[in-house]
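Shared chain: chain A. Partners: chain B in the first complex, chain C in the second.
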Partner chain A sequence: MKASFPNVGYDTYALKTFLEDLGAEVIPAPPNSRRTIELGSLHSPELICMPFKITLGNMLEALELGADTMFMAAGARKCRFGYYHYLQEQALKNLGKECRFIPVTQYSPLDFVFRIMPGVFGVPPWRVVRAVAKMLAKSQLTQEFRQHLNRKMAVDFDGAEQAKPKALAIIEQAHTLREIQAARGEVRRIFNLNGLQPQVRLGLVGEIYFMIEQFASQEIEKELGKMGAEVVFERSLYRHIRHLLSSDPAFVRSERLARRYLQESPGGEAIRTVGEAVHFQKQGLDGIVHIFPFTCMPENIALEALQKLSEDTGIPVLSLSFDEHTSRTGLLTRLEAFVDLVKRRKLGRSLHRN
Partner chain B sequence: MKVGVPRALLYHRYGQFWEQYLTGLGAEVVVSRRTDKVLLQTGLGYVSSEVCLPIKIMAGHIEELAGQVDALFLPRLLWLEDKLYACPKMIGIVDIARMMLGDRVRIVAPKIQGSLWLPHFGAGMDLCHDPVRVVRALARAGKVLPVHNQVPDFPAGEKRVALIGHFYNLGDDFISRPMIDTFTSHGYRICTKDELPEMVLRSRQGFARSIRWVYERELYNAFRFLVDKVGGVCMIVSMGCGPDSLVAEFMREEAQQRDIPFLQLVIDEHTGTAGIVTRIEAFLELAERRRSRPKAA
Partner chain C sequence: MVEAYIGIDVGSISTKGVVVDRKFNVLASRYLRTQGNPIDSIRRLLAELGAQVDTGIRILGAGTTGSARRLAGVMVQADIVKNEIITHAVAASHFHPEVRTVIEIGGQDSKIIILRDAIPVDFAMNTVCAAGTGSFLDHQATRLGRPIEEFGGLALRAKNRVNIAGRCTVFAESDMIHKAQLGISTEDIVAGLCDAIVRNYMNTVAKGKEIHPLVLFQGGVAANVGVKKAFELMLGHEVLVPEHFLVMGAVGAAIVASEETDGKGTRFAGFNVADTAFETRAFECEGCPNRCEVIETLRELKVIDRYGDRCGKWSKL
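So, the complex of A and B:
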């Protein structure tokens, strides 16, 4: 079996480890590029949100490389994401691409462990559990990697750029739990800050695909880092899987904090977005950046809540929606203006003195 | 006590029921005026530009009512039977209303989860405090809920077109009047999901089973039911409608397979009537040609 799946940022390594652990030969989709998104948009409905287009592009590119089995997450209740796989399967069929398409339901861990994965790979459930544990450890590693990287970029951008490939190589090669554990320390050492502190810290919240896949948000973390702002985030694949296994205390906290604005979950991740933003505000971060795909339904509700949060507490909020036509220049201008505003607000007095 | 009911979204299905019920509770019911440009303009100022047209209109209605009433009656539909969800924006609009209005107006928002009765009873107790009266008002109001059990007949030789769209779009004259008028002035009968029996709309056959949005499943079932009986299918989608953007694709596919003309009209606050009329006329021309074409070909 030559398995493949749509890219999910750095967590692609975690999913690769997972599938390899179950005995699949993994053909990763080529890194996201202009071509991915053009290929994807060509075969997508025009009004669909952006993750659909990129993931479809990933599938098409992976199939070109010879993959024959495609994994795709499914089942998201009120959000469109849960329906992607129906359309994508059909799109692939219409294009005459032969492949085995396996939608993986998110909301039923038991189903996942006892039915879907054993059915696909013919392995006993305990092997699946072991592989999930390994995947969790690895996605936790990539989450820490991103945190270190973001902090390093804010204080020493060039140093971070040099350290990044080294750290990624270490992450890719960590296979067993022990190796992953060792890699965590090594990654931390690589991104040593040398006692420097970032000028401002921004909280990044938003739709999960955009939080994980840097390409979709046009590498917003990198751009903000270049401008000297550390990007703090909470959402990651690791936390998402923890949430699916009902073992994420941060989610419970988010739900509680969001209640002031949203009394019912409008679906998707709006509750988390709002809860995390409130949390970041309470922690004393200097601003919130909110990213989501154009016409995303839940995040548009969250957007109203974030505006209200900004009104109530005075924390600056920048909401950005992306689609494949989002201009990079326009985005950079907005980010620059925002970081400028946040810096002035924080360092206002000292700026005047100079 | 003056209770306001915005004439938008769920009003187009439950409006009569609510009016009857609230009147029965002894409240003075104020329904906002019919949607017009001014209301829409008001609404645009309160919600993000990316949400769909009906939500923008709803925001306008809410703001309009806020100054005139003591309380707003704004039920929140979470899910109906079979755990079929409402769309995220419909769930979220109540929270948006709360954030818009703050303490200015009291908002009575029963949470509809599966059944209408219990949450409405709770909301009634909030407003009236007399259980006997609430139950009586609820029972009386329940009689005006529209019930459809009859399959409409489709006589041969009649020119028909299926208009597939959410009831809150079709029911709002501001949105749908130009389209409906164009169809009727060309001698077409319009079939919508509202005249179909519950049995058809609730069906779980085929792909409908996988659709977890309540109104989307109704649309899809209505489409499946009507597609063989009409000369063409016109779908009205509001820009930014998530569920429609997906399910419309399945409908288009199916219509193509059956060689039925399919028109998707995407509307937002910038849509001009002239453009819509032109597209519909072109679509009807296509349907007309297909009709006159010999069947054997």
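So, the complex of A and C:
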């Protein structure tokens, strides 16, 4: 089996390790690029959201490299993402691409452990459990890596750029649980801040694919870091999997905190977006940046709730929606203005001096 | 010897420049058409500003803003290159410290800035719509054979403001033509157009923002008395167009430059940029599948600036 799956940012390493543990030969999709999105958009419905287009592009590029089995997250709740695999499988068929297409339901861990994975790989469930544990450890490592990287970028951008490939190499090579544990300390050391503190800290919230796959948001964390703002986030694949396993206290907290602005989940992860924003506001962060794909219904509802939060508490909120046409220049102007605004606000500096 | 700061705002339609003294009084100001050629308009601007201030002036700092801020910054060796939102806010609160809302509509961009105690606390900029308001007004004035300077005045003479579909300029134009074919007067149609522009601005740019007085209206479209009137009708209170409304971005850039250069000295290249050859070209990097478009600026055939690449391979000169 030559297995592949759509990229999920740095967690692509964690998923690769997982499939290898179960005995697959993994052919990762090439890193997301302009070609991926052009290819994906060409074969997608026009108004569907970017996660669909990019993941379809990933599949097409992975098939070019010889993949024969495609894994894709599935499981419909209120967000249409859960149905994407049907359309994507059909799109590949229509293009005459041959592959075994395996939808992996997100919302039934028991099904995943006892039926889907043993069925595909012919392994006993305990091996799936063991592989999941390792994947979780690795995914937690990439979450920590991103946190260190974001802080380092805000105080010493060039230093962070130099440290990044070293840290990624360590993460990629960590195979056993013990190695992963050792890598955590090493990654932390690599991103030593030398006692410097970031000028401002911004909380990043939004749709999960955009939170994980930096390409989709035009590397917003990097751009904000370059402007001297540390990007703090809660959402990650690690936390998402913990949530699917009903063992994420952060999710319970988000749901509780969101209630003031959003009584009921409108689907997707909107409730979490709002809850995390409230949490960041309570923690005293200097601003909130909200990212989501254009046409995303749940996040548009979250947007309204975030505006209310901003009105009530005074915390600045910048909401940004993206599609494959999003202009980079326009995006950078908005980010720069937002960071300037947050800095000036924090310094409390009066703008006129005489 | 007068000590002064220079601010330059290069937008899609117009290129603005000011020279201000240490108290930010405007000593000289110029407004030119960009005419799709910012390099040329920046050159002309510098030459004309230089002629206005003549001798006896010492520039302590230079700042650029607007959509061509980076290019302008490279050309004149500015001390700061600042986005237009901050520069407009800075200038507004300098002249009117009690300002709480800035409405800025230019050739291409529309924005709203919310200030509290002279500190900008929130802003929004047009995303999918309300873009190109200035250019559209320009186009409509030409189509109706009226000079742009008088166009807004037509709206003030309206007897029955007519409803114009304002979703986007394509709809607005065809609706204006339909209404004209029905025999409705140009005055009423132009007033309707001003209302549509304001409605669209309120629904797309200012959406969800609480607009408190004092409201300042800046940018090229503020010259249009019809749009100002339509804002006042919509908001129910007075809207103030500041004295230097056309060059507020440039004034803001000069003020920010003064904050930044405070005693540090300036890099400003002087007013004789007009005699220097500049060229900008673009190429597609083939280093990875992202195929970034890299923009290069050359002075006297030597590369002085590059940007546009995601990875930093080219922009690190």
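The working rule: the second predicted complex is superposed on the first by the 347 of 354 C-alpha atoms of A that agree within 3 Å, B and C clash if a C-alpha of one lies under 4 Å from a C-alpha of the other, contacts with A are read in each partner's own complex, and residues count from 1 in each chain.
Heads up, the rule we're going with is that a residue touches a chain if its C-beta (ideal position, glycine included) is under 8 Å from a C-beta of that chain, and two chains touch if they have at least 3 such contacts.
What you are looking at is a predicted structure, and each value in this text was computed from that prediction instead of being measured.
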Is A:47 touching anything from chain B or chain C once the two structures are fitted on A? First, second, both or neither. first
Taking the superposition as given, does A:337 touch the first partner, chain B, the second, chain C, both, or neither? second
Going by the contact rule set out at the top, does A:263 touch chain B (first), chain C (second), both, or neither? first
Looking at A:345 after the superposition, I want to know if it touches chain B, chain C, both of them or none. Which is it: first, second, both, neither? second
Between chain B (first) and chain C (second), which, if any, makes contact with A:225: first, second, both or neither? neither
Using the superposition on chain A described above, determine whether A:80 touches chain B (first), chain C (second), both, or neither. first
Quick check for you: in the superposed arrangement, does A:6 touch first (chain B), second (chain C), both or neither? neither
Just chain B (first), just chain C (second), both, or neither: which does A:298 touch? first
Shared chain A footprint, chain B vs chain C, residue numbers 304, 321
So in the complex, the part of chain B that touches chain A is made up of which residues? 47-48, 50-51, 76, 78, 85-89, 91-92, 94-96, 98-99, 111, 207, 210-213, 237, 239-246, 248-250, 253, 266
Report the residues of chain A in contact with chain B in the complex, numbered from low to high. 45, 47-49, 77-80, 82-83, 86-87, 90, 261-268, 270, 294-298, 300-301, 303-305, 308, 319, 321
Using the touch rule from the top, collect the residues of chain C that touch chain A in their complex. 23-24, 67, 82-86, 89-90, 93-94, 97, 117-123, 125, 127, 208, 210, 255, 259, 288-291, 310, 312
Any idea which chain A residues touch chain C in the complex? 30, 33-36, 161, 219, 304, 307, 310-311, 314, 316, 321, 329-330, 333-334, 336-338, 340-341, 344-345, 348-354
